[in-house]
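To keep things simple, chains are lettered A, B and C as they appear, and every chain counts its residues starting from 1.
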Amino acid sequence: MSHLFEMVKRFKLYPRQVEWLGFRALAVGSVLTITPIFMVVIYILVQGGPAISWGFLTQMPQNGMREGGILPALVGTLYLTLGTAIFSVPLGIGAAIYLSEYSSDSSLTRIIRLAIINLAGIPSVVYGLFGLGLFVIFLNFGTSILAASLTLSIMTLPVIISTTEEALRAVPQSFRVVAISLGATRWQAIRRVVLPQALPGILTGVILGLERAAGETAPILFTGAAFFLPRLPQSPMDATMALPYHLFVISTQVPGMPIRIQYGTVLVLLTFVLGMNIVATVIRSRARARRQW
Amino acid sequence: MEKIVVENFSLTYSDGAESLQNINLKINEHTITALIGPAGGGKSTFLRAMNRLNDLADVAALSGHLYINGQDVLDPKTNVIQLRRTVGIVFARPLPLPLTIYENVSFGLQAAGERRKAVLDEAVERALRQAQLWDEVYDRLGDSAFAISGGQQQRLCIARVLALQPEIILLDEPTSALDPISTAKIETSLLELKEKYTIVIAPHNIQQAARIADDVAFFLQGEVVEFAPAEKIFTTPKDRRTLDYVQGRFG
Amino acid sequence: MESKHPLEFLITWFIRLTGYSSIFFVVLILFFLVSEGLPALSEVSLDTLFSTRWYPIESYYGILPLILGSLVVTIGAMLIAVPFGIGTAVYLSEVARPMVREILKPLVEILAGLPSVMLGFLGIQVVSPFLREFLDLPTGLTAFAGSLLLGGIAIPTIVSIAEDAMNNVPQSYRQGALALGATRWQTMWGVTFPAARSGIITAIMLGLGRAIGETMTVMMVTGNAPIMPNSIRALFMPIRTMTATIASEMGEVAAGSIHYHVLFFIGIVLFLLALIVNITASWVSMRKQTHKERVLS
């Protein structure tokens, strides 16, 4: 027995060895976590690349979507993203300015923060239910770009609020004090000094929020997405096709769908969201490099 | 003529920082008054109260009167925007706004609604000359205010206040972040400026107070221990603590 | 009294209103969920509602298999996401060289931005055929496939919040431990990790929240069968979550029908679950943050 104990004791690792092993294990784990992202992106590029052509982007789908392009889905996603921006950007930036510049540490502020946390956590499909109940049925907008954009806006709001607030708070307090000490009103201080400095951060947050909205399917399922439309939407009251929903449709609902078109659609969607992501990242890093304070 | 009259003024912050107790002072027009005393004695709090910058902090209690031109600025009905144009303040660190040199100097006027280019141009030049900065920056008014040296930035901050043609200028250790040459330039400007303005300064050190002050108030733990003409404070102070402080026995 | 220009007055009021808008929206959402979902309780008996059979065409509205479906998939996802997510966060914050971190962090952000429908598509095309072959299953569209992909969805949330939490631990803590002769490994698990504990719990809770609420991916890869999961084998069988049920059935029901009300009732359950998870998360991380910046000093 004591012999065994001795053996175990002798095998005891030194702290340095534990550290060496531990660091290697963590590195391997991280690589395992992160390489799939690479692989996904490359795989989609390889599989979807051949499907991409000018016609694919600019033609209507034909033959039960098994041929032709994805123009209405692409245009629809653009419309929905713009529609979402129209509502969520002023609302979100306003709310962030309120939280960062006007509110005091009162119980009302705490309730607002709680509400934002709550909004951020509501599952996207529940937003879909809400949009259906309020915008589609109660306000009688029908399944439309308007109803879907409004639904997506409220879903995007917490992202925009929290990133904008962070950008505003990053602007040194001293700028506000100086501006006010020179006789500026609170709004003048915000408008002339704080907002311009926070602008790149706000822009980054807005784009990341809209990126999420552009890729969402569940909230638009019953509020504005159409399975197939033979023409482009003509007004905000029309339903619309959208890239993410189109991908869902062609990958699960249409039998005999050519795999090439499916991967092509994935690639376009990926380019759309990655493009927004890259723009946001570039804005952020350029602003950081230029910042003087 | 008495420009600033302080009567039984007390102020406490809710976080317990630098409070003031029962301050009484009478500050004359066209003088430089130096507020001396160890850190935390209430000098900054007092300066900030004079143009109501304490509005931005959590004030727990406030009482007494603070008259400027006979008007109590602590009165809730005071137009603080107007007050801050009359009473300008310069802070310890150079704090240019993230704008150009020109926009920094004209900021206050533009906030006041002045749009006329000629008026702004004229005011910017006058203020920069008064702050003895014009010759160094006249050819790069469009550059970022961060592009000039620390000493120049602090003079820019003074110019920014002067552009509003205030009556009173408050300076909170304006030279603490500067080298001796920049400090000397600013002190020279202040001696010239007192012909037109009333200046209240928390000097960087006692020597600075001795060089420029007409009157000196000694702040200790939120109270004014002694307020008298400078030569009296530095030669024959009434209070033992004042003597100890100016002779460097604590500080 | 600040003298106010009429325009400034308007702007200030607009900002104030937008500030309150979040409260308004939460109340509005809750109101519509309740008004459309609560009638389910009077139309369907509680016994039926909490029974084990979901077959709306024949008026079986038992939501238990859906709740358990969500549970199984989510637990599976967290078993994957927590170790890998926390491990990656620790690696990025404590071990990786700055350059490696600068490359890896944006990649994690990209993963966070991938649309869930795209992951669902890859699940159908790549993951589930692989699982079917590899595990010799009748179908690859199972709870396990859902867990794998959901894990991938929860990981970026966990990584970025946990990494922030570790980063926010003051450097002096680490230096203190290292100065006493601890190795970096001992320091990070003995000092840094415990100090960041509340942030890490928040990270896990928020990752959990994302997994519970995820819709498209699970709808596409879990096989969509509202079967009561009753043993560990259920992990390798088709299943149906609450979110997927709403998404796949709401399009076909008539507004105001029993089925419609029950789907909204499931929405209420999801709303409450999300509420609990998120409030817990923020409660844990709500250390006393008094950012009372002194007005210049």
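Quick note on the criterion: a residue touches a chain if its C-beta (ideal position, glycine included) is under 8 Å from a C-beta of that chain, and two chains touch if they have at least 3 such contacts.
Quick caveat, the model's predicted, so the values are computed rather than measured.
**Student:** What's the chain with its C-alpha centre farthest out from chain C?
**Tutor:** B
**Student:** Just to be sure I understand: the centre of a chain is the mean of its C-alpha atoms, right? Then which chain's centre is nearest the mean of all of them?
**Tutor:** A
**Student:** Just curious, how far off is chain C from chain A if you go by their C-alpha centres, in Å?
**Tutor:** Here the centre of chain C sits 15 Å away from the centre of chain A.
**Student:** Measuring from the mean C-alpha position of chain B to the mean C-alpha position of chain C, what distance in angstrom results?
**Tutor:** 54
**Student:** With centres defined as the mean C-alpha position, give me the chain A-chain B separation in Å.
**Tutor:** 48
**Student:** Multi-chain contacts in chain A: which residues touch at least two other chains?
**Tutor:** 174, 177, 185, 188
**Student:** Going by the touch rule set out above, which residues of chain C reach two or more other chains?
**Tutor:** 2, 295-296
**Student:** Would you give the residues of chain B that are in contact with at least 2 other chains, written as numbers and ranges?
**Tutor:** 53, 56, 81-82, 91, 93, 95
**Student:** For the complex, which residues does chain A have touching chain B?
**Tutor:** 174-185, 188, 192-193, 196-197, 292-293
**Student:** So in the complex, the part of chain C that touches chain A is made up of which residues?
**Tutor:** 2, 4-5, 8, 11-12, 14-23, 25-26, 28-29, 32-33, 35-36, 83-85, 87-88, 90-92, 95-96, 104, 106-111, 113-118, 120-122, 124-126, 152, 155, 159, 182-186, 206, 209, 212-216, 220, 243, 246-247, 250-251, 255, 263-264, 267, 270-271, 274-275, 277-279, 281-282, 293, 295-296
**Student:** Quick one: in the complex, what on chain A touches chain C?
**Tutor:** Going by the criterion above, the answer is residues 15-16, 18-19, 22-23, 25-27, 29-30, 32-34, 36-38, 40-41, 43-44, 90-95, 97-99, 101-103, 111-112, 114-130, 132-134, 137-138, 154, 157-158, 161, 173-174, 177, 185-188, 208, 211-212, 214-218, 221-222, 244-245, 247-248, 251-252, 259, 262, 266, 269-270, 273-274, 276-277, 281.
**Student:** Where on chain B is chain A touching in the complex?
**Tutor:** 51, 53, 56, 81-82, 84-85, 88-89, 91, 93, 95, 97-99, 107-108, 110-112, 144, 146, 160-161, 164
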